[in-house]
Amino acid sequence: MTARFKRGLYVGRFQPFHRGHSEVVKGLLKKVDELVVVIGSSQKSHELENPFTSGERIEMIRASLDEIGVSPSKHYLIPVPDSQDHSLWVPQVVSSSPFFDVVYSNEPFTRRLFKEAHFTVESIPFFKREIYSATEVRKRMMADEDWRALLPKSVSEIIDRIGGVERLRELEMTDSPLKRVLRNKRK
Amino acid sequence: MTARFKRGLYVGRFQPFHRGHSEVVKGLLKKVDELVVVIGSSQKSHELENPFTSGERIEMIRASLDEIGVSPSKHYLIPVPDSQDHSLWVPQVVSSSPFFDVVYSNEPFTRRLFKEAHFTVESIPFFKREIYSATEVRKRMMADEDWRALLPKSVSEIIDRIGGVERLRELEMTDSPLKRVLRNKRK
Amino acid sequence: MTARFKRGLYVGRFQPFHRGHSEVVKGLLKKVDELVVVIGSSQKSHELENPFTSGERIEMIRASLDEIGVSPSKHYLIPVPDSQDHSLWVPQVVSSSPFFDVVYSNEPFTRRLFKEAHFTVESIPFFKREIYSATEVRKRMMADEDWRALLPKSVSEIIDRIGGVERLRELEMTDSPLKRVLRNKRK
Amino acid sequence: MTARFKRGLYVGRFQPFHRGHSEVVKGLLKKVDELVVVIGSSQKSHELENPFTSGERIEMIRASLDEIGVSPSKHYLIPVPDSQDHSLWVPQVVSSSPFFDVVYSNEPFTRRLFKEAHFTVESIPFFKREIYSATEVRKRMMADEDWRALLPKSVSEIIDRIGGVERLRELEMTDSPLKRVLRNKRK
Amino acid sequence: MTARFKRGLYVGRFQPFHRGHSEVVKGLLKKVDELVVVIGSSQKSHELENPFTSGERIEMIRASLDEIGVSPSKHYLIPVPDSQDHSLWVPQVVSSSPFFDVVYSNEPFTRRLFKEAHFTVESIPFFKREIYSATEVRKRMMADEDWRALLPKSVSEIIDRIGGVERLRELEMTDSPLKRVLRNKRK
Amino acid sequence: MTARFKRGLYVGRFQPFHRGHSEVVKGLLKKVDELVVVIGSSQKSHELENPFTSGERIEMIRASLDEIGVSPSKHYLIPVPDSQDHSLWVPQVVSSSPFFDVVYSNEPFTRRLFKEAHFTVESIPFFKREIYSATEVRKRMMADEDWRALLPKSVSEIIDRIGGVERLRELEMTDSPLKRVLRNKRK
């Protein structure tokens, strides 16, 4: 690994991976040689805020990046589950990932944890965040609005194949206490 | 096991098991030969929404069904804890239960998970759901209203023996943040 | 619960449940009114020493006891997983079981843990232990010897239905380090 | 251990340990010979309601008590993580602590769990609870108000050294769903 | 996904990934369009039989396959930790991986678990297994013999960079009971 | 904390804490101002190689050090459970302990993990290791030989009070497969 080689880390839950995410990856690959994409909360699925399994998300991300011409030789897709003990989350990312030089994140909590572990942390210039957000995608799926416009074509196809919209709507009907709290907040 | 033999699965938290639940079991046993009753969130107890241990719930269910003449030879009581990873919950039920042919549930989340695992899922004709609900039972216990009317006599006796009403009221005085959120919602 | 009512606890792994076990249950039910049968190491399956899931074991035990005329109204079948922290195992049994008065066990470790928790612990008069042992059953299955002679007929039938012998033999071919250690010891 | 020797248990999360806590310890040491101070939710850190690691909290408590002349020979500091299964939390405290005779707590949930396990539970005369509360300390830290007034000098120094105020403020900017719920409640 | 598209699954621990493994991947990619390579026991590292973290192993595999001209667009690298409950391991692989049609494995235990879950399982024609084995690589590392001959050049380079040989030798000096058992067996 | 202040870390399982351990603590306190004593494998107890709970071990260590005049103001006793993922064990120690400058250990595995995390690691001049070893203490307890000679008087008293010898002997009678392996090795 020469001095000029640089590998970055980019963390998200990608529920689902949308056009904003794929633009971020494209943009970061102008700054680094390779990008480690960490699929956070990898153990979660079948929840209103986390409908897709890590396997489904990995398939979506690979296909999306392929669609915009980002070669898989430029990125690693690494699932990392939540850690009960927040102070162990960064060590878990480090142990699960190839070596990396810099962390890209706008999330204050993620930034804080990596900074306390003495990593270089840089901000991400978000691509039209007011339009492209996973929360907005899920909202449109539940409201039967145009969610496809926010997603790479290949992600829409995978969601169709696995019945993702039906899954999300059935989850919404569920009445566990916490889910009700979160649903009410959205209104 | 002849072709005609049929075993059903019925999932609940049973906090506590009430007259509505016992009527459902009686009704389902007209459709199947044996019923596997899964005691969900089995690891939870001593919470406002989950006051009773799985051992206490098993004792309640057995006694209730005995009270209405449902033989223990017709049902299995299987405790299953929550799974951190929702996509592993159905496999956990399968591994913990005798073989079953059909799942009875009205809960959209439970139905969804079993349907994605290719199980036959059927709805339950609830017995007076507006009256018989575990949430209502717990609410009456805390408000010192007539909770006994909703329960089989043997469940009331077990709750008296273990000091269940006192337990629930003391839990209600606790001021952890999430408990406060849930309590406020109830009002 | 009158003063004369007495409930006992009997712990085993039941891999599988054999004629010795069923005789023990029959014998203990002469001393107590009801018996809680704890299915230990419930999370284990598909291992050389633990081939069967807790669901399969529950089905075997129920059918065996039925076969010798022990009514399911006299026993509870309670699965309990191992505890990483041995000092939490007895509390976990207590939380998972209906109330019990006395513990029956010949296993020094189990006896010790219950005695430290101030339970009454009594010994079990084993039924022909030199013949009826689960280790012997599994050995015969692997060596293609007469394992059926040691089992209630209904257990044999369940093992046939789930392909238990084939499962055990394939597990034996596995070469993980610990399994090799244990296999060598058997010789 | 003579008959007169008495060891008490005092449970808190100590996020952070403040002057009210140190007064409680001083007061309880007039009633018992030694005090076991349990640092609850020990696995939590880097959360709005739980900013500090158990190591940081242990350092704070030791220094605080030293500051007011309470010798470390009079107390034990024992970290105990939350238990997924509430009915296992008291056994976990027992297994992690030196033997103790009496539990001091005003928290109804804690009191209830210890009472069900047949411990003697006594109340704590709180020291100016309307002023000294960890929630108030964290609120002042986030609002840039005088949080130092509520803390022993040595705790302030540790918080300065580890950048505790900055940590808390960055955590507050985080927008995970549950954190938003809790933050809104505070207003 | 057209009818002709086919995705295979190949499971290993890859401690480390050697020339035999890379030949297997090359061979399997003649039978399927894409290969999911599951990095088993992903949580393990710094053990005599499992010296490398999943992040290190992922970096090794990617570089090795690149070295022999296998494009990353043809494979997915999916870390999967061990499951305490063996009956949950296949569901965990399924949830962590993109959809797959066929499983390639020679390990009887892995084959058994996938067959019980109704997957198509096929054997792998191993490439000179008597020479290329991860156990042999680790043995040579500890004995200061020519381990490099068994590894792709890029794996040797990564092992040099992370001090892999020194790590393994220091682990060997450790005297925990189980490690001693395994070490003795090797002799 | 002035530049001259120095805090060391010393890791052991202390099953039980013996005269060799107490001499090491005394010796290390000549090199550092304060010592963090990590009680490793804190979750283990009631095992042949790990008979005592972390609470019991903490009580033993405190009393032993008191006995030889080492003030509790010079040391911290920090229980740390094993980590399923070895690469997370050092981060867990860091999160559970007050800040420390140097690690003292002779155990190659512990040394390796701390060195990979960029800690200063120094060796411990052991005090008559051929005589003072916890394995030897447990061996003597089981063989009814003079185990008291190896322990501080206060540790013997605690072991007597909790029935430690009886516990160990009953554990030895247990016939779980792994325990048999370990027992045979001892001979």
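All chains are identified by letter, namely A, B, C, D, E and F, in their written order; residue positions are counted from 1 within each chain.
Criterion: a contact is a pair of C-beta atoms (placed from the backbone, for glycine too) under 8 Å apart; a residue touches a chain by one contact, two chains touch by 3 or more.
Worth saying up front: this structure is predicted, and the values here are computed from it rather than measured.
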Residue numbers at the chain C-chain E contact, same meaning over half shared and different meaning under half, come out as different
Chain-centre distance (mean CA atoms) for chain B and chain D, in whole Å, is 36
In whole angstrom, the CA-centroid distance of chain D from chain E equals 46
Per the C-alpha centroid definition, the whole-Å distance linking chain B and chain C comes out as 27
In chain C, the residues touching two or more other chains are 45, 53, 85, 87, 94-95, 178, 181
Chain pairs that touch, by label, are A-B, A-D, A-E, A-F, B-C, B-D, B-E, C-D, C-E, C-F, D-F, E-F
The residues of chain D that touch chain B in their complex are 49, 84-87, 107-109, 111-113, 116, 178, 181-182, 185
Listed in rising order, chain C residues that touch chain D in their complex are 85, 87-88, 90-92, 94-95
In the complex, chain B touches chain C at residues 1, 42, 45, 53-56, 58-59, 62, 66, 71-73, 76-79, 94-99, 161
As the complex stands, chain D meets chain A at residues 43-47, 53, 167, 170-178, 180-181
